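Just below sit the structures, each encoded as structure tokens.
Two complexes, one shared chain (chain A), two partners (chain B, chain C).
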Partner chain A sequence: MVLYWFELKKLLASAAVWGFLAACLLFNMIVVIVQGHDDYADVVGAVSKETGVVLDDAFHERLLRAASGGGLSAHQLERLQHETRGVTDVFDGYETRTIAERYVAAAGITGWFAEAMRDKYAALQKAVDAKAKRDESLTLYFAGSTHARHQFLFDTLTGWLITEGALVAVLLVLLSAGYETIHRTGHVVYATKTGREVLRPKLAAALTAGIGAYFVLAFATFLVHLGLSEYGSVWNSSVSSLFNYRIDFVAGLRPFVTWHSFSVLTYGLAMIGAGAALVLCFSLIAFGIGLFVRNGYLAFLVFLIANATAVVLPIQIPHAAEAVLAAKYAAMLLPVWLWLKHGIWFTDGDIDIIWPHFETVGLCVSLAAAAASRLLAARHFRKRNLS
Partner chain B sequence: MRLVFHEMKKIWNPGAILVTALVCTLFYWLFMSYFIDFPQGHPRIEEVASSIELLERYGNTLEEHEYEAFVEETRQTLIAEMERHIDSLPVFADAGIFSYEDYERVRGKNVQTEAERAAVWTLLGSETGFVRFRMQALERIVNAHDGYLRYTLMHQLSQASRQRDIDRLNAVMETQEYRNIMDWNVYENTVDYTFCLAVMSVLAVLVLVSPLVVNDRIRNVHLLQYASKHGRNVLMTQLSAVLLSAFVLATVLLLVFGAIYGTNGTWVFRNSGLTSFLNMIVFYGDITYGQYILIYVAMIYVLCLGTAALAFVLARFSRNLIALILNLLPAFAALVALCLFVFMHPFSMTNVLYRATGIPGIEPAACVLLLVVGLTASFWLVRREKGIDMA
Partner chain C sequence: MLLVDRVTKTYGSFTALEDITIAFTGGVYGLLSPNGSGKTTLIKMLATLLFPTSGSILWDGMDIGRLGERYREIIGYLPQHFGVYKNQSPRQFLHYLAALKGMDRAAAARKVPELLELVSLGNVKDVKMRKFSGGMIQRIGIAQALLNDPRILILDEPTAGLDPKERVRFRNLISELSKDRIVILSTHIVSDIETIANRVIMLKDRRLLCNDSPSGICRTLGGKVFETREMDAIGQPVFPLSQRQEDGRTVVRFVCETGCPAAARPVEPNLEDVFLYVYRDQVM
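Moving on, here comes the complex of A and B:
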């Protein structure tokens, strides 16, 4: 435990790490201020405190009272009344089968892959039916500003947070793994069997610092965003509100369907949690690389090149053979692909995804594989010739 | 000079070359390869083809009588070709289509039968040589030509707030500079590719030249060097090596990725003025596509040298290689933002820097400013090093 604290102290003593975190925060502030502002969404948030978020008769009565009460922009309240009047449940009679068929036709897949795609959407149909029963779509979210605010919050802002968190965590891990090389103390520290055991507290300290940095960035960024925006009771609204939607080239415009029932609050927490798990995956991979490549600069570039290759190969290689296609679908579970698809976590995914709950499966598989490879790397390091 | 080459040998070590080449290759596959297979999709293919046909037939500008003759002749040819297909293919008779007019009527219907849909798509398909798409490309030329003075320029005039811009737009109208033949698809494709190439150049320079100073300091080589006759001038030698390496790298990147881009055939527009009725954007100077490329090349050199100088400064303030990366990442983000401001529609009235400042030539000036700031900081560091206490 003492070693753990010493290792943590070493990492936190680096001025460059704090400087980088400050730069990330500054960037996030700019993003929040420039992109995050939406007057109408703030009005909806403010109104939701009085009206609640369930679009029933009581909602319309309260909305009328709020409109007659004054204080809020009449034009925007009128717009809200117009948008919420006479709405129907988008999940009533909604069929997911057509999405599956469009994806199968567009991807040109047959056999097992086509069946897997159809099975995924058959499973999604059950989630849709459950949502229809609960009238999940008949919730307010941010009404006409829902799509823009949802994209900003869970695609743009969360995306930047995960990217920054992953970068700082990876660099902390590489700093920790290469610390003895940088300060030329490796030959002393690693001269004994006990000395080489220091890797364990090193990894623990680096992971703590990395995940901690991610949470600090997330907390500070959301604090500023929430300070500048009005959410009211919108936190209790379902993310599968009728006002939320997705667009892709193949399936077109469709409702935002999640496998589970998520409110805005629980979806946000789930996104931040999954983001932390992804940061952990990247950190474990980087630690393995850091043990083999002792030059920290080169290790970081190897990490980047490995991830970029994992993105390029599934895109560039023609999917003629079934084995290549299987490799492509498996590659979608890699951390870098999960990072690229963070905006559709907890949904059915897109044309590249044939499994339900791809982010959960991907994170579990990646964490298990990264942890196993880290153990092997550490085992190898115990007997490695460091001369 | 001998010492500079020795320092360059440290920069250009096989590992660094391999990593830089891999980074560039992956960057190319991820972001740039899309722009080589150009043009892609319909009607973009037909639009570019018709612009090239105009260029080949009439030179760099399209006069009024040439435009009228081209449109009349091409329209007649395309209609005759479509009529031939309509007469010969049964799919049209099945849909009750017996002439080009019938076809257009059916195409404009909100609800079509299965037979009508099949007939409509036949003239848009490979079986008929995408003839309806060729007609669409011709219609685009007509719309662009007829609407340029009435809508495009008028809209820009109504939006312009600076007298300089108003004068320029009036000059474009009076001199009929808009008669240049410059295809919008080609220009946009080139802008996107050149922006990506600028970002790649910045990335490659940062990756290649940054570790030199830090590596020496980690190994305390600088203390050994400072004891020699050349002494503390070695930092100046390293700065020279860094700048020279950036210059060489920029040359290599421009040659390789310029040659790759040259294969897509857009160079035929080299003598065409960028302000054109086929291009949506008005430029604040009378500049051709070829001149734009030449200025771009010069800007890339300046950008790479400025980046190298900045990397040298950041490296000097980094105690180890991880700290170096932590310093380089925000610098890279800032340089990408600079590239976005400079290389997206440069020399045009829609460029962000020009819109903000109203200064013609602000884009190359921004690159030069980066170089001046980088070099000033580097020389200050070199001078400071001479008096620093090493104890």
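Moving on, here comes the complex of A and C:
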């Protein structure tokens, strides 16, 4: 434990890390201020405190009362009433089979892969039916501003947070792995009683510092966003609200269907949690690379090239053979692909995904693989000549 | 006893050390040879940073690789290129190394100031090491090697960067410490070990050349070292060792394998003579 604190202090003494963190925060503030503002969404959030978020008769009565209480312009009231009046449950009678068939046809897949795709949507149908039973879509969210606000929150902002968190974490991990090389202290450190086992506290310190930096970024960014926006009771609204939707070139416009029932709050927490797990995956991969490539800059370059290759290969290689197709679908579980598809986490995914819960499966597989590769790298390091 | 038993170290097709066998029992062992002769490779193997390609290194009959931390906890090691965290103070840095050496906080709190005083850095113990001179950094290196009161002290070029006064202090310190431990001191500077080494180990062509007391090693040139003021008068083939000024004239010291030349007088060989003669094809 003592060594853990020493290693943590070494990392926190790095001005470069703090500088990068500050730059990320500044960037996020700009994103929040420039892209995050939506007058109408704020009005809906404020109204939701009075009306609640369930779109039933009581909602409309409370909406009228709130309007008569002032503070809501006639135009905004009219818009909200227009958007919420006479709405129906989008999940009633909604069939997911169509999506499956469109994806199968567009991807040109047959056999096991086509069946896997159909199975995924058969499973999703159960989730849709459950949502229909709960009238989950009949919730307010941000009414007409839902799609824009949802995209901003869970695609743009969360995407930047995960990217920045991963970069800070990778920077910290590579700094930790290469610290002794940078300071030419490796020989002294690895000849001590602790010796090469110092990698354990080093990794623990780097991971906690990386995850900590991610949470600090998330906390500060959301704090500013929430300070500038009005959410009211919208937190309790379902993300599968009828106002939320996805646009897909193959499947077209379709409701935002999640495997489980998520409120805006729980979906946000799940996204941040999954983001932390993804940051952890990237960190473990970077640490493994850092043990092989002793130069920190070179190690970062190798990390970038490895991830870029993982992105490019599944796109570029023709899917002629079944094994290649299997590799492509398996590649979608890689951290870099999970990062690219963060905007559709906890949903059925898209044409590239044949498994339900792809983000959970992907994170578990990636974490296990990254942890195993980290163990192998550490084992190699223990036996390596340190010339 | 620390035993280097028929150790060979190769890097691909390059052989750095070949079939080295040395037994270290106690006292100061001076590892003396020119740069690039394999000293540092041997030292790094003793410090478990490198692993022998063949052969083994045994401490009390057990392989040091297998002993792992049980071996590393009894060694103190100063590498040839010693680095520090320049954004830390000597006190912070030594506390970190004390933790790595498995020392508890109380023991470290006692030992760190004591060692900093010993290496004359007590007055800068809380100053960041950013502006420290090479000599000051080297003294921190010596202090860290002594932190765990090691039974085996391994020092690779320990006097690099030290001024003459510090060198003398260091030699005295090593002499003092060697009473109850093994000190392995690698150097290419003869004066570092001439007066303090119990045994001198010399490597040549990647192999062990000799492992003997300084006087024993000097005896190998007994009757072959001479001095003269009239080098031109020497008609025999000789190997010049050094020269110095005496009463305004140049005195040349040389080795002659074929008896005493008329214009020269025999002198007692010293370790430097042996070093220069043995490595005559390598020394610049």
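The rule is simple: the second predicted complex is superposed on the first by the 385 of 387 C-alpha atoms of A that agree within 3 Å, B and C clash if a C-alpha of one lies under 4 Å from a C-alpha of the other, contacts with A are read in each partner's own complex, and residues count from 1 in each chain.
Please note the rule applied: a contact is a pair of C-beta atoms (placed from the backbone, for glycine too) under 8 Å apart; a residue touches a chain by one contact, two chains touch by 3 or more.
On a predicted model such as this, the values are computed, not experimentally measured, just so you know.
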Chain B versus chain C as contact partner of A:Gln35, first or second or both or neither: neither
Touching partner for A:Ala191 - first (chain B), second (chain C), both, neither: second
Contacts of A:Val311 with chain B and chain C, given as first, second, both or neither: first
Partner chain in contact with A:Thr88 - chain B first, chain C second, else both or neither: neither
Which superposed partner A:Thr110 touches (first chain B, second chain C, both, neither): neither
Chain B versus chain C as contact partner of A:Phe20, first or second or both or neither: first
Footprint overlap on chain A, where chain B in one structure and chain C in the other make contact: none
Touching residues (chain side chain A, partner chain B) in the complex: 14-17, 19-20, 23, 27, 167, 171, 174-175, 178, 182, 295-298, 300-301, 304-305, 308-309, 311-312, 315-316
Touch list for chain C against partner chain A, complex: 11, 44, 47-51, 68-69, 72-73, 75, 77-79, 81-87, 95-97, 99-102, 105, 141, 144, 148
Touching residues (chain side chain B, partner chain A) in the complex: 15, 19, 22-23, 26-27, 29-30, 33, 207, 210-211, 214, 218, 318-327, 329-330, 333
Interfacial residue positions of chain A with respect to chain C in the complex: 2-3, 6, 10, 13, 183-185, 187-195, 197-198, 383, 385-387
